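Below is one structure, written out as structure tokens; comments come after it.
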Amino acid sequence: MKYLGYVFEHLRKDLRLEWRSRDAINGMLFFVLLMVVVFSIAFDPAGYPSVTRQISGGILWVGLLFASMTALNQSWSREQRNQVLEAQRMAPSPASALFVGKALANMLFVLAVEAVLAPIFVVFFNLHVLGNAKLLALILPLGTWALVVNGTFFAALGLRARNRELLLPLILLPLSLPAVLMMVQATTGVLTGELDPIYLRSWITQLAGYDLIYTVVCVLLFETVLNAE
Amino acid sequence: MSTAAPIRSETAAAAASLDSVSKIYGAFAALRNVTTSFPAGSSTVILGENGAGKSTMLRVLAGLITPTRGKAIVFGGPPHLHRHRVAYMSHSTMLYDELTAMENLTYFATLHRGDGCACVGSPEMALRAVGLDPALTRPVGQYSQGMRQRASLARVLQTDPELLLLDEPFSNLDVKSAGQLVELLADFRTWPVPGGGSRTLILTTHQASLAEPLADRTLTMRQGQIVDLSTGTNG
Amino acid sequence: MARSSTLRTVAWLWLAATVAVLVVGFRQAIFLAPMEETMGNLQRIFYYHLAHAILGLIFPYINLAASLAFLYWRRRDPLKALTADALAVASAEITVLFVGITLATGMLWGKPAWGIWWTWDARLTTELILWLLYISYLMLRRFSPTGQTGVLSAVLAVFAAIDIPIVYMSIQWWRTQHPAPVFGPEGGGIDPAMVPAVLWNLAGWAMWGIFLIALRFAVERRHQIAEQDAALLALEASLETPQ
Amino acid sequence: MKYLGYVFEHLRKDLRLEWRSRDAINGMLFFVLLMVVVFSIAFDPAGYPSVTRQISGGILWVGLLFASMTALNQSWSREQRNQVLEAQRMAPSPASALFVGKALANMLFVLAVEAVLAPIFVVFFNLHVLGNAKLLALILPLGTWALVVNGTFFAALGLRARNRELLLPLILLPLSLPAVLMMVQATTGVLTGELDPIYLRSWITQLAGYDLIYTVVCVLLFETVLNAE
Amino acid sequence: MSTAAPIRSETAAAAASLDSVSKIYGAFAALRNVTTSFPAGSSTVILGENGAGKSTMLRVLAGLITPTRGKAIVFGGPPHLHRHRVAYMSHSTMLYDELTAMENLTYFATLHRGDGCACVGSPEMALRAVGLDPALTRPVGQYSQGMRQRASLARVLQTDPELLLLDEPFSNLDVKSAGQLVELLADFRTWPVPGGGSRTLILTTHQASLAEPLADRTLTMRQGQIVDLSTGTNG
């Protein structure tokens, strides 16, 4: 209970900070919009309509992957600015609460972005969901959490590195590959409606498993990372 | 993380001590085999040239870096066991620029509460003590250098620490502001500690003259070693 | 004082005239213009689409001109430069609005006309890019450090303006799904009965756009002047205190 | 001549700095490699071999776009670190030479990355160039310069901005969209061999025109940006 | 960018001057209507509290920021016309961390050459003058604070400036290093100027006592204004 109290306190702080600046989330939204446009220009969905549905799952997640990576890179920068991180390290509250709070805050941001993005995506790619659309409400949060939890963790890990912006993708991309595979397969399955429901379920279960394992590992190891110096 | 055996061993005079501590960065030794102790209730000013290892020593005591060799002991145990009794202020504010001083302090106060110990002063009081108005709605990022330094000090004072570590608290301050800070710190040393016990102060500076009122003990460092320790200029 | 009250009267008169013209335009477009054979009543969205599209290509030039003026005056005459900057923001915001409406009406029309909301043909794509460019212009204004906003955004405005002629020429340069222009030398021409509706709407929306720009300009100016006054006040107050 | 001398001097300095750390180029290489892997997982080239050739041009350029954007964001960080930029502003040599030197250096880095990337790309996507492969030797440098010249310029513009990492994509993506369109169309045209040579030529000419115009504007305005303060 | 009319007007006594200069950040006036001039050949120490506007004044003179109102005049023209005769050193090194001091200096020297003016001393000589070994192969990033400060000084000295602007050159330096710096600067003022003329020095500091040997004129600032100007303590 105490622990949840700390988590809530950290989450509230992050949301408040974000609310104060608000630029980040606006920028983020615009960035994702731009990604969609770049992808659609690059992959010309109108040119090959038959192809579109098959690659749109991939495009969606690759776009979100890069967008959230850009955002996550920034997510500890406020802690870093005035050495606030050292104040956090000196605080007697558990370090992992800080991590969970920030991951939740990031999750909320990315979900907000997705909510705006979804309709635009549908329009630009001229999509009709042929499968069970409700499953998307399960796949999207699971996939997002997979990106966010590792992203938050490794952004903290890379904080003191020289080439911070470059480092995060280098670590995060290989780690996220399995998750990306699962999300893309599941999403494409729902969009095309061609995938056997049994396979679909297995992809989703695996994704949930991935989330669970990595969340536990992140929470357990965060204190070590924070006090790495 | 059980709070092991000797919590109250500081009655044995030392609030903190270093036991042949070395800190090596790459091939460079920032601290070389330093052994010293800081008596409970004392106030120590650490002087020394650039790169002498002053900041490194404070950070070892704060538990922010682990020594390469040797041991740091704070209140009879490793530094991270007594986080609620120790506070560290560096030359950065260690506060969020976008929040007001009050919001910052309240946030950090909640992180210190719990653990069955209510050893946290109120943020308002701490702000008043350093001469800031708790009702100020400007975020800390818009404060002047002097106001920041005060807010930063309020952050460490509100947790009511028994061991206070200050790294160059006067750098970039003009003489008047620095004087006020010294007075405040001298006052802080007289505040009573709830459970009994005394307050220990360790600070580094380049302006020895400014810190004189606080210098029970003056410790001079050079090239990672303590080369001089003089006691009792005052206090 | 007198000057500002006449200005206010002019503004109100202008607004009244604008509304009047727009009402006439509405009547022309919805009730008087003949129905188009293939698309029926839906075609009436055309009058709004066209007016906004054309104006959306003109307003960014105001932004460009103001930005260049800003860069020219920046060192020579900071006060004039500030005025130019205010005009640049105003025109950029209204550009975003008008281009946005072009996109929206175009999409609304595209769904029944082409069966899809959107397609990546050159006209649509360049128009979208134009919209994105001016949003990024506004973004830059928010992100840029105080004191440099004007310069940085003026520079971006020059880059962005390069896209305007490309949008205009897009239908000539590339094959597009979007129909060829109806006016101009190669235009197919439209039913003369539709011309009044086109012109009235164009005039009305142009007046509306100019009104919005003027309004936004005035607000921005007031903002700047307030800021200056505050600084001046602080400056003068401090000059009076004995040293 | 004098001007070229300055440009050369700046270029040499940037190359030497990069050689000392090799951060940018290594990071970029790995990043692009990961992009290729992510994309091949997300788009499953083996699954839809017929599609692959049509989207591979897009994938190539989107990958390069994001990789170079990440690297370009860093490209002025060395100047910023110890206020070296102020020393540059105080120097009597022309400011635009500094810009040209850095843009050339960045161009060399990205070209190096492309040289390594090309064979990998061919293998992963199992590509055979069906059109006139020699044209690629024209399209790649033209496209790269289009990305690099604006990227270098706007990285400098965003230097003092609050959300630097986010700002660059927000400005650069819309500006680069036309170029991306041209590069992708030209590249895909060469890869599939389906595009009429006349169209192909027109895409390439347009790309060259884009490069020319933006280079001139960048060089003219750089001094203003550098001395914006 | 033609070097307009009055290049040699500093024979009329002022190397640099400010003509009712104000610099306003947002609603805050960092400089308020400052009018002053710095005679050619003089050495001026600027004192003042935090936020008094010292750095701002130097940066205006260096042409790094444009005043909101008023004009800065350097050698009879706007500051950016005489870049090769002015040098500015801030508390950062303004050098690339990854290059050695020698590489840094050679690079900046080439940027100053040209314009038909060979007014650039050699990097080796400058490094020797500040007491650094030109053959040192460590990059500047691994220098100690004192060595950096020296290298930074060498960068400005090698361009053989007639007007030298230094912003807190002694901050973060220990007393001994600071003393050496002061000596070097005093020496620099006696170096002959190739075309005839004299060397002007303007520096800010919080440690007035350290800079005393350089204080022909002492200028005190408060809240963006010059509140005191005293001449002739020495020199």
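Labels for the chains are A, B, C, D and E, by order of writing; each one numbers its residues from 1.
The rule is short, and it goes like this: a residue touches a chain if its C-beta (ideal position, glycine included) is under 8 Å from a C-beta of that chain, and two chains touch if they have at least 3 such contacts.
If you're wondering where the values come from, they're calculated on a predicted model, not measured in any experiment.
J.: Where the contacts of chain A and chain E overlap, which chains show up?
T.: Expected: B, C, D.
J.: Among all other chains, pick the one whose mean CA position is farthest from the mean CA position of chain D.
T.: It is B.
J.: Using the stated contact rule, I'd like to know whether C-D or A-C comes out ahead in C-beta pair count.
T.: Taking the two pairs in turn, the one with more contacts turns out to be C-D.
J.: What's the distance between the Cα centroids of chain B and chain D, rounded to whole Å?
T.: Distance between chain centres: 49 Å.
J.: Could you give the separation in Å between the centres of chain A and chain B, each centre being the mean of its C-alpha atoms?
T.: For chain A versus chain B, the centre distance works out to 39 Å.
J.: Would you mind listing the residues of chain A that make contact with two or more other chains?
T.: Within chain A, residues 23, 27, 30, 34, 37, 41, 44, 47 contact more than one other chain.
J.: Find every residue in chain C that makes contact with two or more other chains and list them.
T.: 125, 132, 135-136, 139, 143, 147 - these are the residues of chain C that touch more than one other chain.
J.: Would you give the residues of chain B that are in contact with at least 2 other chains, written as numbers and ranges?
T.: Not one residue in chain B touches at least two other chains.
J.: Which chain pairs here would you call touching?
T.: A-B, A-C, A-D, B-E, C-D, C-E, D-E
J.: Mind listing the chain D positions that touch chain C in their complex?
T.: So the residues of chain D in touch with chain C come to 150, 154, 157-158, 160-163, 166-167, 170-171, 173-175, 177-178, 181, 206, 213-214, 217, 221, 224-225, 228-229.
J.: Give the list of chain A residues in touch with chain C in this complex.
T.: 23, 26-27, 30, 33-34, 37, 40-41, 44-47, 123-124, 126
J.: Can you tell me which positions in chain B touch chain A when the two form their complex?
T.: Answer in residue numbers: 62-66, 80, 83-84, 86-88, 90, 92-99, 103, 107-108, 110-112, 114-115, 139, 155.
J.: Can you list the residues on chain C that touch chain E in the complex?
T.: These residues of chain C touch chain E: 75, 78, 146-147, 227, 230-231, 234-235, 238-239, 243.
J.: Across the complex, what residues on chain A touch chain D?
T.: Going through chain A, the ones touching chain D are 23-24, 27-28, 30-31, 34-35, 37-39, 41-44, 47-48, 51, 54-55, 57-59, 61-62, 65-66, 70-71, 73-74, 162-163, 165-167, 169-170, 173-174, 177, 180-181, 184.
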